[in-house]
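Here subunit A shows up in two complexes: once beside subunit B, once beside subunit C.
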Partner chain A sequence: MHELHHPPTPVYWGMTAQELTQDVVQRHASPGRQFWAIAGVLAGLFALGVIGFILLLTQHGVDNRREWGYFATAFAYIFVTAQSAVLVSVALRMAKAHWRRPLARISEMFAAVGLFNFLLLIPLLWVLPPTDGRRSIWFDWPGRSPHLWDTIAMGTLVVLGLAILYFASIPDRAAVRDQAGSEPSTKWRGNVQQWIVLNRGLAVLGGFYFMLLIVVHMLISVDFAMSLIPGWKDSIFPAFHALNGLQSGVALILVTMFILRQTTGLRKYLEVDQFWGLSKLLLAISLLWFYFWWSGFFVYWYGRTPAEQGVLRYIMFETYWVPFFLAFVMCFALPFFILMWNIVRKTTWGPALAGAIVLVGTFFNVLRYYVPAFAVEELSLHSLEHIPTANLPSFIDILVVIGALSGAVLTYMLAARVFPIMSMWELREGQILQRVRKLMKIEVKVLAKPE
Partner chain B sequence: MQERVKLTDAQINKDLLRSMEENPLWYWLLVGALGLAVLVAFAAVAYMFNRGLGVTGLNRPVMWGFFITNFVFWIGISHAGVMLSAILRLVQAEWRRPATRAAEVLTVFSLMTAMTMPLIHAGRPWRVMYWVFPLDWARGVYPNVRSALVWDPSAVFTYLTSSILFVFIALIPDIAVARDRTTGWKHVLYSVLALGWRGSVRQWKLQLIAGILLSAVILPIFVSVHSIVSWDFAAAVSVEGWHSTVFAPYFVIGAVHSGVSAVVTVMIILRSMFKWQDYIRLEHLDALAKLLIVVATTWFFFFVLEFLFGLYSLEGPEIRLREMQVFEMPWAAFFVAFLVCSYFIPVPMWLFRSVRRSIPLMIFTTVLVNVGMWLERFIIIVPGLARKQGLTFTWGGYTPSAVEIIIVFATFCMVSMLVLLFAKVFPLIPIGDAKEGVVLEDEIKIGKVKVPAIMRED
Partner chain C sequence: MANKNVLGLFDNADTAADATDGLMEVGVNQEDFDVLTGSPYPEGAFGEKTPVHHIYVFPLIGALMGLSVAFLLTSGTQIAYPIVTGGKPILSFPAMTIISYEGTLLGAVIFTILGIIFESRLPRARLDPYDPRITEGYIGLLVTCPEERLDAVDQALRRGKAVDVIHEGGRSFRA
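== the complex of A and B ==
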């Protein structure tokens, strides 16, 4: 057993069902001026992004692929971070981790950002070249396969994510309606049958989301990055891309929780327990990040074929060495050195800091794949004959990236106006399924594990 | 979790020391039969050393066959120990308790067995001494430290050493229980091995810290071992199907798949042999099967990546190899059998609770997984080498000889025999862990229902 100490009892355990509901509903009803001020600023930045997008489209058209590298980076970054963040709630629910309860809705609400992400995919479908005469995972399928199937896969993923958010929030939205004194919900009554359907439905949706997310990671990473660089044949890359997604998804929730704690007074729900739990996950995934990266790099480095050397020079050691170096430091080295200390993991600021660093590192990691991939002109070769020069961001690129990121955050904030940010029913379930008891001289948590 | 039985400390001691204290006839008959098979294999090895590798089915260009396949397979099985023990200990999974010792012991014995395979395969194993004593340096013949074949023994020996340490540290409290219940030379032996264990708070604390530290330290070793085995293949560009970046995690997760399945098989056999129904309960098999669903599906995803990106290159030799694996007999039969056995039969079955809690079906599915996983290694290693190339003198095929079949079969007997002999000397379910589990079990009353619960310190 570890150092014996009294486990801190979460504050919300002491609240009655009514107090809990009232508190969450009240916060949901009146977000405050600060909320709308931030939303206004984000809307302004998003508008600048729209202007950037129009300039990009009118000045370069869709045939000049190189100019769309940063737009693709913004799209991929939002996909990697936000859509994977939904998975955190899904996975922790599957693992029956009680500490997930306060962060469940925070995670699921990133499904709304998926909708925005889908909009960003649409222009890229015109930029993405057909697969004729080049390597791709679609082999002899009709030349427009990636466009069609990627759209279907991404669209299904977004719908699944929204379905999870919608179903998981049914009891809470009913509670909000009831509290507001409006017409009570006619469909949700909270009977046993409904609860069984809800729980099983969430389990099934979660399972499908999990599998489809991995598939979409594979499609996006190969169709929009790997297959656009001649000579890049890297079987671990889709898995690495997905792992980076899971890592940044956890990081995103850590940062979101920290911001919510500081700005919205949700401290009584978002306690050290949640940061501690996610920080252990982030540490493990950061180590896996290194392992996956090393496995890919090592085989490439050892192979020494001209095709492999060309790819290494292009996206790692020469042209894009700066984003590669930053990604390596921020996705692995720094989070590892911050999170290896339990004393830091057991704070709110430590995991949030590591999370923020990972989010920046992930941006560079995504950038060093998508910007170079969009900058290659001759796609039918089997290796890079000439290493293209670096594509540095223009003013338009900066506008587009800032606008896209602002749009994503704004979407999340607007979703928070529709769905209560705390999953009340899961918190309440947590109150019922957890106790504090005495074991000899100390107090311990007792966690029920229903079948 | 409904099958829990409240057990006293005395009852736990009595039950879990049964394998050491009782001497049923069937036990010795079984050990004798397994020992006989191992002796036959010794004779086969001696015959092979005397006559040379010509008595095997190895022939240019297929110089890696059953022995190397079996080496990779046993290295894979060894991954169960750390997966279950270290990871589940770190994440405080309660259901790990009855499985950890069997898994750790399986790790140690399968590693030892795995190590014999390259030695036998070498044909002249005494030459390995050149690695230890640099006799040939004068002639400029010494191991190339940049070779994956040198990293292999380094990684495997490190893993073996740390696994033995891992088993021993966890065993100390149980050895002390055995010490207190024996007399004569056994008492002396256990006293020495117990290192003066008295069960004081300080000793428990030190033992716990050592366990956690070893768990954390052994994890990178665990990952490195099978990664390095995979790089024996992936570092080579000359054989189609091997030079793949996903090989390391693909091998590691495949090893966990086969290793955890093997642990389930062993646990079920031990459960019926030593009447440990109260300790290895259906809920434990249920939890392990759920874990296996996740592990197997991840493994299958990596398999898809490996296969898909083999074709992705659109290079003739690579596509020819895949055609050979999938459409040409006998490889096609092995390929289908490997996929069906290791994924398409067991995983859909495990989705049903009734299967996860059925002893016969669980033993069937977990044995099936290991049949499939053995074939997987065979399909990775041999067809790539057997593919016909331009030079006709390298058109040899591969059919395993009786010598190889006997030796490979005997490795299964050897591991089984060693586990049974271990059970005679040490308890195969950790007694201290079982007792701690009983203390930490609890219930929470919700309405009229009592829900099983566990106590947890942060």
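== the complex of A and C ==
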């Protein structure tokens, strides 16, 4: 057997359903002191972020849009990464990828971060100027249309993500309840009807999450970035924004899995199979990153109108060339170079390293849109008459960004106290449907496909 | 006479599937028993009747309602406040698309959530016999039968190698 082409059989396949349940429930019940120590540090950093937010609000108010660029970046970054990460579980469930089972809940729990991010959207609604007298996708709807409809869209996305998390975790929360010896719930029994409805319902909700996420990417990217920079009217940009979301969502799951593998006892669930599977997706999306960027850039570069040149100079080649360069290298070149080797893809550290690089690159990619967009004062022009100077982060900006990111991670950790981080019922279903069988001189994994 | 519930608990899925044959022999129909499991098994794996559900109807109704409301809102606004822009017609569909799409999805999502709750019968009005070992991988065969046939069902479950038989009200047999 060539070890490069046959990953070892998952350890959890060798466990009984009882052992698996008890193992996961035990870990869920007692996360350990390290967990609370990290949560305490994150809570402290989040508190600093709150102080930064109060300083931002009191010193600059909501009318000085330029000062909110980094706050908007933090909001957009969490949206692009965490809220897109939910899609990983949704898409792999649709594709019936059985290797997804150990990472399903890890992905779905990012829906809780969406709730936190919704809070970050609220102050931005006061900062975002009305669309009156400037180009936008809202035609002649009232000037506050993006404020209303972006909020409804984002709110629906958050509710949808939480619904997926809630329904997908019902059987596991019942298991936690049963193991704790609590009174049986009136909610979940695990009968045939409930399983059928759960599976079908999750598939439908997952489809809607995909449909809505793409549209929210469009709304956020256009209303909070593109329409604020005169002369920028790139039809590929919303799709590029969404693609960056898919890329960083996959990257975020890889990094989260690696951290969980290293710091918790979940090593036997999160094995090379999961990293290998996601690394192939990340490689493909990283290549698409270049394709989408090139498609948008090329038209602007070839067009060479003053409006197009102004946009390119502003967000790519002059004012914000450093974040653009870092984004290009870290979202495309480096992950491509790392993940093009199968021997690296088929490790746990290789895809996680590429994922970490993509996450940093995505931050710079988001920064080069939202910080410049919030720094433009005159919005009614058809092109940038003069290129604004770079808006470098102040101490308050750094506090706000660190606080927002810490708050997002803290939210995820607290959600892990409510929802078991391993989807036990999906793992047990995997045990039922998958076996190792002898095929001549090798052992192979055999999958039952009842559908 | 009123129907009663009895739960047979099995530590093996194959044994539970075989035990349903024994239940049929004592006159229990497919409609009279349910299978309680800690994870989903392929439909029909225990010889149970596949239940009818209407989960796909909910998103459809929700989507239609959401689309209708969004369409009425956008077209009504444009007719009430007519502004000709760039020679475009008053009722311009591109300008209505985003709101219509959002409305459609909002309706579909809300109705799907309600549909899952309704079709899963959550929360349940009454508590049938249950055992926490089901979430550990045990299989429960929950049989509903007239009171006079309880003993026959009980015996069938025992013959089928149930490790526990739990009656409504708490009477239980342990193998």
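Just so we're on the same page, the second predicted complex is superposed on the first by the 444 of 451 C-alpha atoms of A that agree within 3 Å, B and C clash if a C-alpha of one lies under 4 Å from a C-alpha of the other, contacts with A are read in each partner's own complex, and residues count from 1 in each chain.
Going forward, contacts are C-beta pairs under 8 Å (C-beta built on N, C-alpha and C of every residue); 3 or more make two chains touch, one makes a residue touch a chain.
Values in this document were obtained by computation on a predicted structure and should not be read as measured data.
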Room on subunit A for both subunit B and subunit C (clash or fit) = fit
Looking at the overlay, does A:Met413 come into contact with subunit B only (first), subunit C only (second), both, or neither?
-> neither
In the superposed arrangement, which partner chain does A:Ala448 touch: subunit B (first), subunit C (second), both, or neither?
-> both
Does subunit B (first) or subunit C (second) touch A:Val366, or do both, or does neither?
-> neither
Touching partner for A:Ser295 - first (subunit B), second (subunit C), both, neither | first
Once the shared chain is lined up, is A:Ile432 touching subunit B (first), subunit C (second), both, or neither of them?
-> both
Look at A:Ala239 in the shared chain and tell me whether it touches subunit B only, subunit C only, both, or neither; answer first, second, both or neither.
-> first
Identify the partner contact of A:Thr305: answer first if only subunit B is touched, second if only subunit C is, both if each is, neither if none is.
-> first
Classify the contacts of A:Ala112 with the two partner chains as first (subunit B alone), second (subunit C alone), both, or neither.
-> neither
Please indicate which partner A:Ile137 is in contact with in the superposed arrangement: first for subunit B, second for subunit C, both, or neither.
-> both
Once the two structures are overlaid on A, work out the angle subunit B-subunit A-subunit C from the Cα centres, in steps of 10 degrees.
-> 80
Superposed arrangement (fit on chain A Cα atoms) - minimum subunit B/subunit C Cα distance in Å | 5
For subunit A, which residues lie in the overlap of the subunit B contacts and the subunit C contacts?
-> 137, 139, 211, 432-433, 448, 450
Subunit C residues touching subunit A - in the complex, by the definition given at the top = 13, 34-43, 45, 48, 50-51, 53, 55-56, 59, 77, 83, 85, 92, 94-95, 98-99, 101-102, 105-106, 108-109, 112-113, 115-116, 119-124, 127-128, 130, 132-137, 142
Residues on subunit B engaged by subunit A in the complex (per definition of touch) | 1-2, 204-205, 208, 223, 227, 231, 234-235, 237, 243-249, 297, 301-302, 305-306, 308-314, 439, 442, 444, 446, 451-458
Of all residues in subunit A, those that touch subunit B in their complex | 1-2, 4-5, 7-8, 135-137, 139, 211, 214, 218, 233-239, 273, 291-292, 295-296, 298-300, 302-305, 432-435, 437, 439, 442, 444-451
Which part of subunit A faces subunit C closely enough to touch in the complex?
-> 16-18, 20-22, 137, 139-141, 149, 152-153, 156, 159-160, 163, 167, 171, 174-175, 178-179, 181, 184-201, 204-205, 208, 211-212, 215, 219, 424-426, 428-429, 432-433, 448, 450
